[in-house]
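Each of the next two complexes has chain A plus one other chain: chain B in the first, chain C in the second.
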Partner chain A sequence: RVSSDGKPPKFQPPPKPVIIDRKTQKEERRFLSPEFIPPRGRTDPLKYYLERKDMIQRRKVFNIPEFYVGHVLAVTTADPYASDKSKRFVGICIQRGGKGLGATFVLRNVIEDQGVEICYELYSPRIQAIEVLKLEKRLDENLMYLRDALPEYSTFDVNMKPVPRMDHEDIPVNKLQVRMKPKPWSKRWERPKYNIKGIKFELPEHKMKAAQKWSQPWLEFDMLREYDTSKIEEKIRKELREELEK
Partner chain B sequence: MMPIWTKSGEKRAVTLLKVQDCHVLRYVSKEESGGKTAKLLVGGKNVSPFSKPESAHEIFKEAGVPQKQKVTTFNVTEDAIIKPGTPLYAAHFRPGQFVDVTAKTIGKGFQGVVKRWGFKGQPASHGQTKTHRRPGAISTNKAAKVYRGKKMPGKMGNIYRTSFGLKVWRINTKHDIIYVNGSVPGHTNCLVKVRDSKLPTYKDCNKNPPFPTFFADGDEELPEDLFDKEIFQFTDSSVTFA
Partner chain C sequence: SITGACQAIQKLTRVRVVDNSALGNTPYHRPPKCIHVYNKTGVGKVGDKILLAIKGEKKKALIVGQKMPGPTMTPRFDSNNVVLIEDNGNPIGTRIKTPIPYTLRRREGEFSKLLAIARNFV
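After this line comes the complex of A and B, so read on.
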């Protein structure tokens, strides 16, 4: 190459290699707790912004781990009437509900042949620790049918040790098909409106066909029901990342 | 509405009220109004002046303030008079104070006697002919007339109602928001009148309020969030019972 001045060209060091850490990038993009996404409505977004500030403040002080429906959790809460002033409950998370500060999750376990479900609030100051004992997603987002399933599917050892997590990649999906107690059930789980994939229905063919009478195949094409949260989620993820790094 | 937790771990529900562009519009003296105390007219949310008649523009032109959607009166003592045109902020109230909130209830339209007045109606079966939600008898034989004020079907809701003695838990000075205990009449984003409580139990409640009001250009520098003593703040660690 010919330089403009006639002098030898200045030594240009090679560009430094840019290390793209794909794993952390994937993790950053992946999980947003469902209570951060505001519901569709006519409330002022300022209200959700203020709630999110409080939620982030609580998350800075107390660690709320990433968990889905189907995980086995152990929750320690403060109790003024217990001898140790604290209570520990182990159970499988069957439902996550509520938005904002009032977000709740329901844990189910069978203790001494009695099914017990406790609904905890994620942001309640009484909760002292949440540990994830077993990580696995199930086929559905709502496991309320475990109430009508055989009790062996809801029993978890109270002194269970936390199962070590292999990869920092995907959460395994347990494709377990649960066997049910004989009918009557609390809800007619075979009907298409619940859209349950995790039950092994041992009902006769004609009953399964009769249940399809209540199917609403037009629902998935109804455009007014669509609520596209991708852009909202992006903004909230960015906000979360910035606030938690401070 | 939002949940809030106390230091002992109990949960309370709280309504958020936003103070949006409030200005004092006019001072009406005791003699002029004919009442027992002087009055101050205060205007609420800003609105475009083109939808109102010229006669309604006068008050706002005098005060030098944009057109407001709602104008209310507050009964004020002589020493608490404020100059017309001063803005009012949420910091006028302090946490721990008690407050009455007035608003128009949600309008339900023309409603029957069961929903409007809570009548029991009639049974669904056992021979009832076309009578399940009717009022039944409306007067006695001896009266020979129907009394004034008899509960009958009619338009329900869309009237002013007040909830008394609501505690103020928290104030956000940056966005002008008051966190008030419990529920408040009216739908979301409706206009609401907030006033110091008149209940006799809360007469001596408020110690050193900002008197006559909180002035933004004054010397006081308030933090962004003012909390009540009993509130659990999320900067603290989890509640434990010793």
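After this line comes the complex of A and C, so read on.
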């Protein structure tokens, strides 16, 4: 470079890099899979501790992504009777059940006008890969009403490309109101016991009012039914962090 | 009122014929019903043979999909699906569009012709 005096230019230290510590930010918003939280009961916590150890071992070997009900997943399982020994199924997650190693999730899809649901076990060694194709939470935690909804709400293309995720922050909530087939349904979804917000009820007013007869407004104030999981969750998060860092 | 389809297949369950045979697809004022299950228990699961009453005739059929949830990792269909079959095991139709569970492949010997017609597997 041409300098003004003929002397070398004054040394200017490089600008300090701005370090955004994403690790601490991420850990605040950590997702804890619901099957880690032990159910309320009188069993020995040692049993759940041993199960959690096995679950963590499995997670170290095989990556189980973070997913909620309403996500569209593609699961490849090993099957001796399939061509290439493995089969792939794409579907929307309707529910996540079970605790511990027996945790399951049900995927639903409509193929050739036939609704198909498969219940997979998260920690089964037969599962070879789980990919999240579309990240999207719904208004409810249980989408079993999709069975009685019009089939267009459950159809997902088998060769769907994974939708790219913009932020590493919030998971979008899809406030879709689903239209149903005419009654009778497998369950009376209009009743307040199911507390479903994702259906567009096109029932007459008097039927909706009659369904409210079965509402139990005292349930939310029932103290014996309370199960506060915040402390348990913190302990389990700490455990997970320690184990995964090893 | 008409009740919803029952879980596993037993006598008098209405089934849905899934292949493209003439018997299965021509409309009739009564739906095809099961009248006998070839099983020690009277309950038919996927892969069992049953006797159907279609259009006033008796025909054997094979269950390919049921509404009742089975073992985990096996598919559960939204309707009880059935494929029409002759007495010796040959299917009557020529194509099966609806998906068929992979578990039927275990009995390749008996159902080889059926699996050859099937298009989609789940």
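Some observations on this one:
Convention: the second predicted complex is superposed on the first by the 219 of 246 C-alpha atoms of A that agree within 3 Å, B and C clash if a C-alpha of one lies under 4 Å from a C-alpha of the other, contacts with A are read in each partner's own complex, and residues count from 1 in each chain.
Keep in mind that, in the parts below, contacts are C-beta pairs under 8 Å (C-beta built on N, C-alpha and C of every residue); 3 or more make two chains touch, one makes a residue touch a chain.
Bear in mind that the values here come from a model prediction, so they are computed numbers and not experimental data.
In the three-chain model built by superposing on chain A, chain B fits alongside chain C with no clash. Shared-chain residue A:211: touches no atom of chain B or chain C. Using the contact criterion defined above for the overlaid structures, shared-chain residue A:50 touches chain B, although it does not reach chain C.
With both structures placed on the common chain, the touch criterion links A:64 to neither chain B nor chain C. Contacts of A:89 after superposition on the shared chain: chain C is touched, whereas chain B is not. In the superposed model, A:79 lies in contact with both chain B and chain C.
In the superposition on chain A, A:117 makes contact with chain C only, not with chain B.
By the touch criterion defined above, A:144 reaches neither chain B nor chain C. By the touch criterion defined above, A:126 lies against chain B and chain C together after alignment on the C-alpha atoms of chain A. Once both structures are overlaid on their shared chain A, chain B and chain C have a minimum Cα-Cα separation of 10 Å. When both complexes are aligned on chain A by C-alpha atoms, chain A residues 79, 121, 124, 126 touch chain B in the first and chain C in the second. Across the complex, chain A meets chain C through its residues 77, 79, 81-82, 87, 89, 104, 111-121, 124, 126, 147, 184, 186. Here chain A touches chain B in the complex through residues 42-44, 46-47, 50-51, 54, 57-58, 61-62, 78-80, 85-86, 100-102, 121, 123-128, going by the rule given at the top. By the touch criterion given at the top, residues 2-3, 5, 9, 11, 16, 18, 172, 175, 177, 188-189, 232, 234-242 of chain B touch chain A in their complex. Chain C makes touch with chain A in their complex at residues 1, 4, 65, 69, 72-79, 81, 97-99, 102-103, 105-106, 120-122.
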